[in-house]
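Take a look at these structures.
There are two complexes below, and they share subunit A, which is joined by subunit B in the first and by subunit C in the second.
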Partner chain A sequence: MSAIPVALATATGLGGAGALAALVVPHRARVPLVGALTAGVGAAGAAVGVTALTGTHWSAEFPNVLPLGGTYLAVDALAGWFMTIAGAVVTAVAVYGVGYAAGRPARRPAPECRAPGPGVPGPGVRGLGSRGAQAVLPLFALSLLLVPVAASVSTFLALWEAMALGSLLLVLADHRERPAVRRAGVWYAVMTHLGLVLLLTGFALFAADAGGETFAALRAGAHTLSPGVRGLVFVLVALAFTSKAGAVPLHTWLPRAYPEAPDPVSALMSATMVNLGVYGLVRTGFDLLGGGTAWWWLGVLALGGLSAVYGVLQAAMASDLKRLVAYSSSENMGLVLIGVGASGLFAAHGDRPQAALALAAALLHVVNHSAFKALLFCAAGSVVRATGLRDLDRLGGLRARMPWTAGLFALGALGAVALPPGNGFVSEWLLLQSLIHGLRVPGVAVAVVLPLSVALVALSAGIAAAAFVKALGVGFFARPRDERAAAAREAPPLMLVGAGLLAVGVVALAVAPGLFADGLGRAVSAATGPTGGGAPRGGGELGVRLADVSARMSPLWVVAALTAATLLAAGLPRLLARRRRRRVHARLWDCGGGAPTPRMAYTATSFAEPLQRVFDDVLAPEQDVDITPVRESAYLVDRVRFQRSVPDRIEHRLYEPVLRGLDRAGRAARRLANGSVHLYLGYGFAGLVVLLLALTTGW
Partner chain B sequence: MGLLRKIRATGRVAEPAPPRPEGGVLEKARELGGSAQVRCVDAGSCNGCEIEIAAAFNPLHDAERYGARIVASPRHADVALVTGPVTRNMAEPLRRTVAAMAEPRLVVAVGDCAIDCGEFAGGHGVEGAVADVVPVDLTVPGCPPEPEAIVAALRRVTGR
Partner chain C sequence: MEAMSTSVPIGTALTAGTAGTAGTAGTAGTAGAVGYAAVAAQILVVVAGAPLLTGWMRQVRARLEGRAGAGVLQPWRDTRKLLRKESITPVGTGPAFRAAPALLVATTVVAAALVPLLSTDTPVSSHADLIVVVALIALGTFALALAGLDTGTAFGGMGASREMTIAALVEPTILLSVFALSIPAGTTNIPAIVSGAAHEPARLASPAGLLAAAALAVAVIAETGRIPVDNPSTHLELTMIHEAMTLEYAGPDLALVELGAQMRLTLLLGLLSSLFAPWAIATSGSWAALAIALVAFAAKVCVLAAVLAAAEVLWAKVRLFRVPELLAGSFLLALLAVAASYFLNGAGS
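Let's look at the complex of A and B:
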């Protein structure tokens, strides 16, 4: 008997036990116990994933568990890849969450929240530490792990919905403290259910035409579908999945929900839930629908390119720390979608090795993104917990006050900017390799799209560097711009341990990506079929070797060389200077005019301003200068009010007209329901007649 | 090419170097080794001394040939060239400027006002002479001092 069912049963049992424990165990023991059980869920899930990545398959059916279709489960390497990521992240974040939810915070929440009275308990009782939220947490973690296991449409949709509801409840955990959480919750609920409707429609169409709802039946029946239906199914399903992945234009829930969710939940959502959007797309597009035509994947590629650049631009403009990190998710999922789209494009043109390489780049970026994004959200969460502030313009000076958190955030930021020695660099290098070498694939579309994608990837990497230099430099260095930032204290040890586990993952991915190459190769071939030597392999010295395009890279050596150079540059002057004279501490040179106040320091807004000018036409920032003169003279200024905001332009142009239209339709529909019982009876009767007519005509 | 031609046509305009000033090099300035970086501080001057300092560094007097050079920050400077009576507003900045300079550092008070407040002695905005605020190593009398006198004082610092 294989280890997979045992581990799956363990995970399910632990998840159920965690939910139960949260409901019955008193507050003091609740958080640690639920945290431990959730970490167990994650570990068991990761064990399933790792087992699947070694090449073990497992499938089972339980016809009587769910009504209608029954439950079908299957684990292959592709599912294993996503389960491993989710399991690892869940374990680390569960540890972090214990530290987060237990006890009182170092500082009270921000004053824009309702000021808590002396008797109001800290977030240990409210928010994530509350009984309800703690009960949902292990179930949400479990659903994250089980979605890739589903092997029939009804099972998949049930788990998908469980995941959506679980995340929604957790996003709303802080709704009593901050009204903004409720608005974010409504946006998230609507968007995620819009996605579910699209998914339901797409899969229903697919299952009806393929003659079965298990994935095996869909796989077998996919080629019997007409091209039009296949295309429609793909468009519907792809829209739903890219919305879950946070890709433009269905991304609007993401920058709202992530900043308002409790920080461990943000980490879980951004590092595991968005991945499942990619999983769904790969599973449906490659595996179930069996590839497809080029225009599907050109569409995915276009969405990816758009999200990558738009997401990172918004991240560079954001002055809210968590919003910045959230928009960066949009960017990275865009990069992943570029890889997935390019892979589909190559497969549609029949170049399997190239397709495998592009998909491998995308899947590797998924795991890299999960690692550094979870770390970034954990570090940002520690900052928010210690200061009650998310506004970068008010933070600052945290490096001295929270050295560990600052170091962890720096490590995550290094991964996010896609520069060596960060882990994001490895997968973006792979992505660029696959795009550049993809030019050998014939076709006009390929020749036009690939160079453009390369340019978009490069542009997004550049802007990401600006965004994270801003987050790190303005948020952690310099001087505190607010007394709450000045009074910050280091996060409790358990939070640091949880984030530290993620940091270990980030470093492993950055230094030795070759360790993951075999599993990656299996995951890719599970999705696309035999890869023909295109997927990357582990090189000799922990590097990555691309057999097909004869490229190789050893990040370990890059890291070693960079570290040596940095140490040399920092150490040599000190060594030389020591021989001469002792150092004297002098006061900061302030041009003689007195110490500069923190208000004179560079803020996040001013750092982003030049970039905002460059992209003025794209971002369309709104600026408002309001000058009030004194009453006696128009020339003497009494007060100047300056307001600047960079609105989400897609939201303005796309969503507001739709929302206005809906509002108008709702008002118009009120005339139909004027309170007359006779009219309502008439509606019922008319509906019945129409239905009977439709049935008799055999429509 | 116009510039090069102009340089060639103009030739050297600096006056021949006068003999070394009396008194020799200051004891404290020996460590500078013949090179002094100078930061000017206007502590409340009428700008007469500034004009003369500018003249001391022009091509005619060319103080730079003796190793003195004007710099933009006290962090880079060895010598503070202070002019004018020290006003109340400039007393603290002057102290900070001198404190910001690395050791060994010298303060040269240029002009009568810097030495004893001159015309402005007893003014309500005047804190005092430069020596009342920071220790002075060298003085250049005159109202304003001639550029030759300023150059001579700087030569006593550089020793060239």
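Let's look at the complex of A and C:
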């Protein structure tokens, strides 16, 4: 019983010690020490999570810790599920981060920005290794772990904002080196605070009507709310949480912030912070508001489907390695939202077992996504660190120079494409099963929505395969297309160890998902209430068993059979051959035109071209051909400039008009403020009069 | 709303089970020696029969075009010739290029073991999930596309790019057809679907069954790279899809790639025949039933292949960017199949 508070206190203490150490300790010892303490924070948090997943509950209140509201904490299995994920990822990424920030070379060499002079400090002083960033890192890690622990609105919002600010500061770590970081920071700051405003409004409305701001009071008071207020609260809160999860249309911060953040921070944000959006949605929608009506969840389903397909399409178009991986987060969170939405829909129709199945699929996909996404970002970070390049059109040939990193990226990519030996397949299989079997829930809306959801999941899986074939095949295989890619060297051991820890997690999730069944079952029933069944047991298999349906899959056997068959298929021809012959090396087919150069190879852009043409109407690419003729004749071409970009269309259509309108309003409002004190006093007077009039007549 | 809730028993999402036990998922799981023999026969008939089937299709095609043809055994002769040659590694290729042929064959072999081509009563029948089979086939495509990119030539990249585009667009059709087929059976387990259809042939003649069959047939043509989606005998760079990816292979590797492609065709035609013409497939563990199933399988697949070959004589390959229209059509059929299946099954009851 007492394990949870001890571990929580340990995590908090280690986090504080880490921040303090970063400020005090000189830079040589700073990075390893802070890294070790952050890893400790993660381990302690994971311990809390695992304890909670075994069925232990814990709650506490400290009325005097936070002004006005006090602090309320509670840990249940749902919180434990997210804490375990966050803790495990934090530990692995902290190890990775030590290697990353410690011997940091002058990557992204930008002599035009800052000439390396005698006054330039040594490695690890700017960027993520700087004193400020290192002080924020353990606190950010701590906030990631503590958000699910909060059990009152004010505690939750304080921790939520601490997490947002911590991540913002870390995103901005490289702001001196690249101006793009600053732009990304502004977008992220605005979007996350827009989310905070929505959350604040929603929860304030909720708490005012429910008569208390602790989660227990909200849970008890939810039924007294009128349906309209409940719906409004849900819409406000769901918009904020899906924005944090990176779902369309409030996703625009994600493809900007992730590529520009230091790589360990990208890994932390994409693998743990986006999850908390899902956590918030599940906690509020299921637990606090107690389910709700079908249209709420149809909305969530629609957002999820849109995010899944739009995110993966943008990922398939991206030629920036980190942007591709970032957009894939949008896709996977979309899939999770499909699961959450379907679960809510089933629950609203009263089919609890089906709802539990869909939610289990969603939560399992959350952990799978965290594992492979952190791994992908770590591997991508190693590439960026070694080459200074993010552009897939210039990378290539890394499998020979960075074999470990290439292998780790391949493992992550296999998880991301939802094909059998990968871990993503396991949860997508469960998601598809829950959708396919959901048809027994009555209702025309269900009958229309579920087939479409299945089609969207399938389409996003197909395009994800194309996107990751592109990332792996163009970025890591073939030959280097740039001398920086040709001169790449393998990442330092600590980075490989950190990524290797994540790889172990990916393999465990892929091969033995049954190990996580106990915890998953408890987390699901913590969210949806008792599901009416016996406790699930662990094992090597994955199965669905409802009243009249059943399906089974055994990932372990699939892996074993595939390995055996591959070895057999590779070995048999050699045995059958009459003579043993050694492999002979030969030139590539060059059509008789001389050895092909790396410039002739397909690039990421050319790889994505057919898909872009197919989805022309959705993506609306911009193309620009500029032909300069020779001076003497208009028929002889001197220079041709071709430019094409695939902009984020939602951003184009939705955000730019709003931004332009705000800009225009701001310009117009300038006339109101002409510097005259009399006028300002007049405004104050008029405002007061209007207020008093309103008070006397209206209320 | 609360009427049909918690009384339904559930073993939540993840259930246990020691991995080896043959469970029951619609069919009786008392597979003895006959069951193991059935699995071995399925693998063997796909591996050994695939070149023969290709030879048969070429022969049908040749006769329809007024040629004599090279005989049914020609693909086996080609394979034997290629296997005797030395292995060649093009300079600059890596492990992905070398592993892909074996992986392609392996995915098809595992899928062949799972799909009830001959018998629904095998030791693996409880694990034969339709989604897993579809994903295994997609894995082969994935591996081959990576190998195409690994060569670093324009051809390899071109083939990989086109193949992945088509594969991405085929996926929704396939899964929706799976959805439509699983509604009457209540499961995505293929042996259960097949034995259910064998006992209740009306399912197949229903609009849902016919629509799903049509949709899946188009998807199978796209997945196996036949006309009108791809032309397996072309080597013109403008039209190549599958051939462009595998252009750098030679010797035993090429033999494996070709065998893999032929096996996929056999397997998918076999899957179609199992799903939509499930007659004479063994549902019990008797040797006689297995022998009958073997003969019936050969006959069904040969008829399907002959129809496909005849259609290929009449059709022309469509332009690459017209293929999405074809696939969108098949997607619509699949969606209609789900709708029909839902409403014909008594609106979700």
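As a convention for this text, the second predicted complex is superposed on the first by the 632 of 699 C-alpha atoms of A that agree within 3 Å, B and C clash if a C-alpha of one lies under 4 Å from a C-alpha of the other, contacts with A are read in each partner's own complex, and residues count from 1 in each chain.
The working rule: a residue touches a chain if its C-beta (ideal position, glycine included) is under 8 Å from a C-beta of that chain, and two chains touch if they have at least 3 such contacts.
The shown structure was predicted, so the numbers you read here are calculated from the model rather than taken from an experiment.
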Kindly classify A:Ala569 by the partners it touches after superposition: subunit B alone (first), subunit C alone (second), both, or neither?
second
Quick one: is A:Val524 in contact with subunit B, with subunit C, with both, or with neither? Answer first, second, both or neither.
second
Determine, under the contact definition given at the top, whether A:Pro598 touches first (subunit B), second (subunit C), both, or neither.
second
Let me test your reading of the model: by the given contact rule, A:Ala455 touches which partner, first (subunit B), second (subunit C), both or neither?
second
Touch test for A:Leu432: subunit B only (first), subunit C only (second), both, or neither?
second
Classify the contacts of A:Arg587 with the two partner chains as first (subunit B alone), second (subunit C alone), both, or neither.
both
Subunit A contact check, subunit B vs subunit C, more residues touched by chain C
With both complexes overlaid on chain A, does A:Phe685 touch subunit B (first), subunit C (second), both or neither?
neither
Where on subunit A do the contacts from subunit B and from subunit C line up?
584, 586-587, 589
Going by the contact rule at the top, pick out the subunit A residues touching subunit C in the complex.
348-353, 356-357, 360-361, 364, 396-397, 399-400, 417-421, 425, 429-430, 432-433, 436-437, 439-443, 446-447, 451, 454-459, 461-463, 465-466, 469-470, 472-474, 477-479, 513-514, 516-517, 520-521, 524-525, 530-534, 536-554, 556-558, 561-562, 565-570, 573-574, 576-578, 581-589, 596, 598, 600-603, 606-611, 613-614
Residues on subunit C engaged by subunit A in the complex (per definition of touch):
1-19, 23, 25-26, 83-84, 86-92, 94-96, 99, 101-103, 105-107, 109-110, 113, 126-127, 129, 131-132, 135-136, 138-139, 141-142, 145-146, 148-158, 160-162, 164-165, 167-172, 174-176, 178-179, 182-183, 186-189, 247-248, 250, 252, 255-256, 320-321, 324, 331, 335, 338-339, 342-343, 347-349
Per the contact definition, I'd like the list of subunit B residues that touch subunit A in the complex.
73-75, 92-94, 96-97, 99-100, 103
Could you please specify the touching residues of subunit A with respect to subunit B in the complex?
584, 586-587, 589-594
